[in-house]
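The two complexes that follow have subunit A in common; it is paired with subunit B in the first and with subunit C in the second.
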Partner chain A sequence: MTNPGGKDGGASRPEAMIELKDLTKRFPGQKQNAIDGLTLEIPTGEIVIFVGPSGSGKTTTLRMINRLIEPTSGRIILEGDDVTSVNPDKLRRRMGYVIQQVGLFPHLTIAENIATVPKLLRWKRDRINTRVEELLDMVGMEPATYAKRYPKELSGGQRQRVGVARAMAADPPVILMDEPFSAIDPITRGRLQNEFLQLQTQIRKTIVFVTHDIDEAIKMGDRIAILDDRSHIAQFDTPETILSAPANAFVEDFIGSGASLKRLNLTRVTDVPLVDWPTANVSADRESIRERLLRSDKGSVLLLDDEHRPVRWVNAGDLDRSDEPLLETGLSATPAIEQQATLFDSLNEMLNSLQGAAAVVDQEGAYKGVIDIETIGAAIRTMRGEARQRYRGEEEQQTGGLESREEPES
Partner chain B sequence: MSVLAAFDWSFIWEQRSELAHGLVKTLEVSAIGIAGAFAIGVALGAARAHRIPVVSQLAAVYVEVIRNTPILVQIFLLFYGLPQLTPYLRFEPFTTAWLAVMIWGGAFNTENYRAGFGAVPYRYREASLALGFTPLRTFFSVTLPIGSRIALPSSINTYISVLKNTALMTAIGFPELTNVARSIAAVTFRDAEMIVVIAIVYLAVVWSLSIVIRFVERRLALPEEA
Partner chain C sequence: MRDFFDYLWQRRDHLFDLAVAHAKIVLTAIAIAIVISILVGVLVYRRPRIAAFVLAVQGASLTIPSLALFGLLIPIAGLGYRPVLIALVIYALLPITRNTVTGLRGVDPAVLESAEGMGMGRLRRLLRIELPLAWPVILTGIRVSTVMILGIAAIGAYVDGPGLGRDIFDGLARIGSPTAVDLVVGGTLGVIVLALLSDVFYFLLGRLTTSKGIR
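And now, the complex of A and B:
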């Protein structure tokens, strides 16, 4: 085991969906193993992230789990069954796989691409059509617009999303994803990550997710495997532990600077209490808005449109400038923060908008509450407290093992 | 122009039904030859591209032999050579005709399809296998449709050559268009007219074939990923 200590060293844990046992691959004609004795358990219903430098063997490992590449030695256990030598075609239907280059079939439309596996399984036409629409909606692509298009008529990011939809078509319990969001701009990527996490709370798939991006890993992962050369595990643990207790210099390097700032990525907006903020409808008259402002201690009022979506922040000074229309005064309150977003995203938005607070919305875009600097400060204090306790706990475990009974502190 | 003006057009018109018979034979032989060349090209091209043992090596020898010998020699071998080796391999002129162009076109098409299948980017096959397609199904659903489109321009040239090569069947006395024209000329001594007429007919047929194929090609054109 490459992971001594830590809470994952034990033999039995919540049932593992996939177990890799001493998995090794040597490509013909090479002197070194490309994957060298990888042992790892992937728990059911969790997102496990493989993160590591280029060439560390992430893709090769996914290909072996899927048996696109046969391991030189070692075993793969899926739901308790040894699948190292079963029929690979049947095995592959139990796991969706989004390959690194997406590989949408260029001669088929988007709808036909997504329908590939359902057709293979001989689903009825109606069921297939319904499923295709459902999946396109799920990845945020309007079925009416995109179903009939060909892959070349999509942007790189849209293709990646269709790749994800195609892998999920027949609802496999396991999904392997090789850098599925890499070709997407940071804003869209953030939104997709949020939507994907939201989806995962409902579908609870076992997901193996490869990325280069440590921030993505911290945000998406229930557990992260940081892979060194030849898929040696540098650390396999929860994002919290990796950030607060990196196992070695390689992991520290990989996390990079600003580990404490990155830890804001660990807390989601749903996990913190939202602040109540004075609000008013955009068409309300200035006097009633001013009244509301005076009754609160917040210094500004959040204007909402008729659908309850945040529009602008206005303060007393803005209200006094009666020559300007209300919608052109104050500060913009968009884009608002989704609930799956992290405190890191929220802080970012606060700094961008200069407001020092960010409006939080539900899936329909309707106002839910506000996150302000106070919220973030409180979260940082909690995290610091938890980390301190964990350190202390680990020390106790190590020192309190054999005969040492006397403890210096309580 | 003056040459064409000197032609006796009414004479040609009188020969129209015989020439039409010859054209039909030419088209029949071409159609069978093209269909066969397509089938051989796909099957052996796949064997070559996927390096299927034994079949792949045999296909390579077949392609080498056909590509490096004159087609007229191949026709004579089929028609005159084989019956001397064994009486069971004695073919009618018609059979010899389509067999010869099919074997010839098949060899060239094997090369076309080998290159076409080989040019299918690996990611498509990987995606297909990853989705749970068997290797055979991956071939039919992914490699074949994508590879055929890549091979289309070169295989079109092969099909057009198959059609033109049917003219060589005149050498074994098979009454296709060229042969019919030669026979008419032999009894009427109107060689110039006959040659010009069949040249125009061949041109018209190949052009219409090209138009049809261009149309199909555009319909099938692979929407290439950027």
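And now, the complex of A and C:
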């Protein structure tokens, strides 16, 4: 990726949207800095996650970016401009802000809530109306149904969607989000996370996202800043690198056990090669199925229905029990895995089904291939290798090393 | 009973005039008290100590018996309309100020944080967010004040103030004569009717001026 117009030249990383330079905050009457010399570059168009234990200063840092909290010292640079002492209200209209409690205005309708910043910016009424409808559509809420409602008439998940829409209303380049999904039940949270990631592929905003949940950080982040006490950066890197090469014991501790398992959330089924499995139609006769089984090195055959949807796994033993209909033997192959699912979901399905493999289907539910424990093992090895290389590559760049990056592992 | 209704019917124009004068002075006092109280409330609600002090002073003034306050105001404001108006304003302050402070403090901090985070300035937050959200509580204070000073205004006739108190005091002055009871009951009934009307008025006003989202 090139960097046209980049100010610092040379580096291949995208230009920083936000730069925090030696940012410090000491609250009145306290002996210690709450934030202590934080320096960080937030690249344009990426989701950067602040994650860390309670009290580490994530919220304080975020609120210093839009100057809801004024830094004691240090500089904030937005799109190359020093905004440390510009009019804070004007600055805030260039940054969306979403908080855990959402904070919708209860006396205003959903449409009026979303229109807040455009009104502050004195947009024309027509333009505001069009934009409000567009945003409601974007967050998956039918404008005709919801525009005129009041916040109390929405569910928690819907309120958070409106909160996101409101933050994006005037199309700000930056959106700050403080634990936006953490007050929501796990199922809705997962759905909101996916929708938001989907949205981000279209809007490509620069997003600073605070969470205390490392799993959410891994799922949502292009980069993760793991913050220790007083916002000291323990590690700032991609989720892959943080999982495979934690910088220190604090990070390791914070990731917790099961880093390999968590890494499985980073890879989607579409990213790995699927295994060819012997298949047969459910109505095929037992002899031809048995033949297929013998010709393959797999221990079972996957039965598909007439629409090519996976139905059951059957092995030699199942085929011998001739008194039982085929559809009642073997192990169920449903629910099958969709291609957008992560390897983590797949592994979960494999363990549930006792089969040690899971059938993968396309959007119509038709069989695409199989993912098995071997696939997942291979993916883990690849990720580890890549991360290690990336990690070494950066070290070489920093020390000006000229050796090949392709150097084999020893 | 029959006689009393005859009395009301004969004196209907007179009673109506008294009621209008009564309502006028009360409404004027309430209007002045609203302006003062909301201003004071807005100024003090973020400063707990000053707020406590202001509310204590207003609370103390409420405990002065109304007859005494009217008397105290005679040297300053003379007789008639003025001392009554001043006293009514003083009595009306506490409920409105207290409810303004309570209402403004009751606004969800998350709502204020998001308003500030979106770039709404101090004044805009106050006018667009805080006061509208505090309004139902403030309106309750206004309603309480109104009912309270409707009663107190009647006593204003003691210092020659306007309103239904005149008939009440006339009646009291001639206790024993045949019309005394009619005068007192007629005036009192007028005050009660005004109080009921004001309740209906505030109920409708509340409906009209409170957003559906916070009802």
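As a working rule, the second predicted complex is superposed on the first by the 261 of 410 C-alpha atoms of A that agree within 3 Å, B and C clash if a C-alpha of one lies under 4 Å from a C-alpha of the other, contacts with A are read in each partner's own complex, and residues count from 1 in each chain.
Note that in this section contacts are C-beta pairs under 8 Å (C-beta built on N, C-alpha and C of every residue); 3 or more make two chains touch, one makes a residue touch a chain.
Values in this document were obtained by computation on a predicted structure and should not be read as measured data.
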item	value
Room on subunit A for both subunit B and subunit C (clash or fit)	clash
Contacts of A:102 with subunit B and subunit C, given as first, second, both or neither	both
Which of subunit B and subunit C A:292 touches, first, second, both or neither	neither
Subunit B versus subunit C as contact partner of A:116, first or second or both or neither	both
Touched partner set for A:152, first subunit B, second subunit C, both or neither	both
Contacts of A:212 with subunit B and subunit C, given as first, second, both or neither	neither
First (subunit B), second (subunit C), both or neither touched by A:92	both
Common ground on subunit A, meaning residues reached by subunit C in one complex and by subunit B in the other	66, 68, 89-90, 92-93, 97, 99, 101-107, 116-117, 120, 150-152, 166-167
Footprint of subunit B on subunit A - complex, ascending	66, 68, 89-90, 92-93, 96-97, 99, 101-107, 116-117, 120, 150-153, 159, 166-167
Subunit A-touching residues of subunit C, taken from the complex the two chains share	108, 110-121, 124, 129, 132-133, 211-214
Residue ranges of subunit B touching subunit A (in the complex, touch as defined)	121, 123-124, 126-134, 137, 141-142, 145-146, 149, 222-226
Residue ranges of subunit A touching subunit C (in the complex, touch as defined)	66, 68, 88-93, 97, 99, 101-109, 116-117, 120, 150-152, 163, 166-167, 176
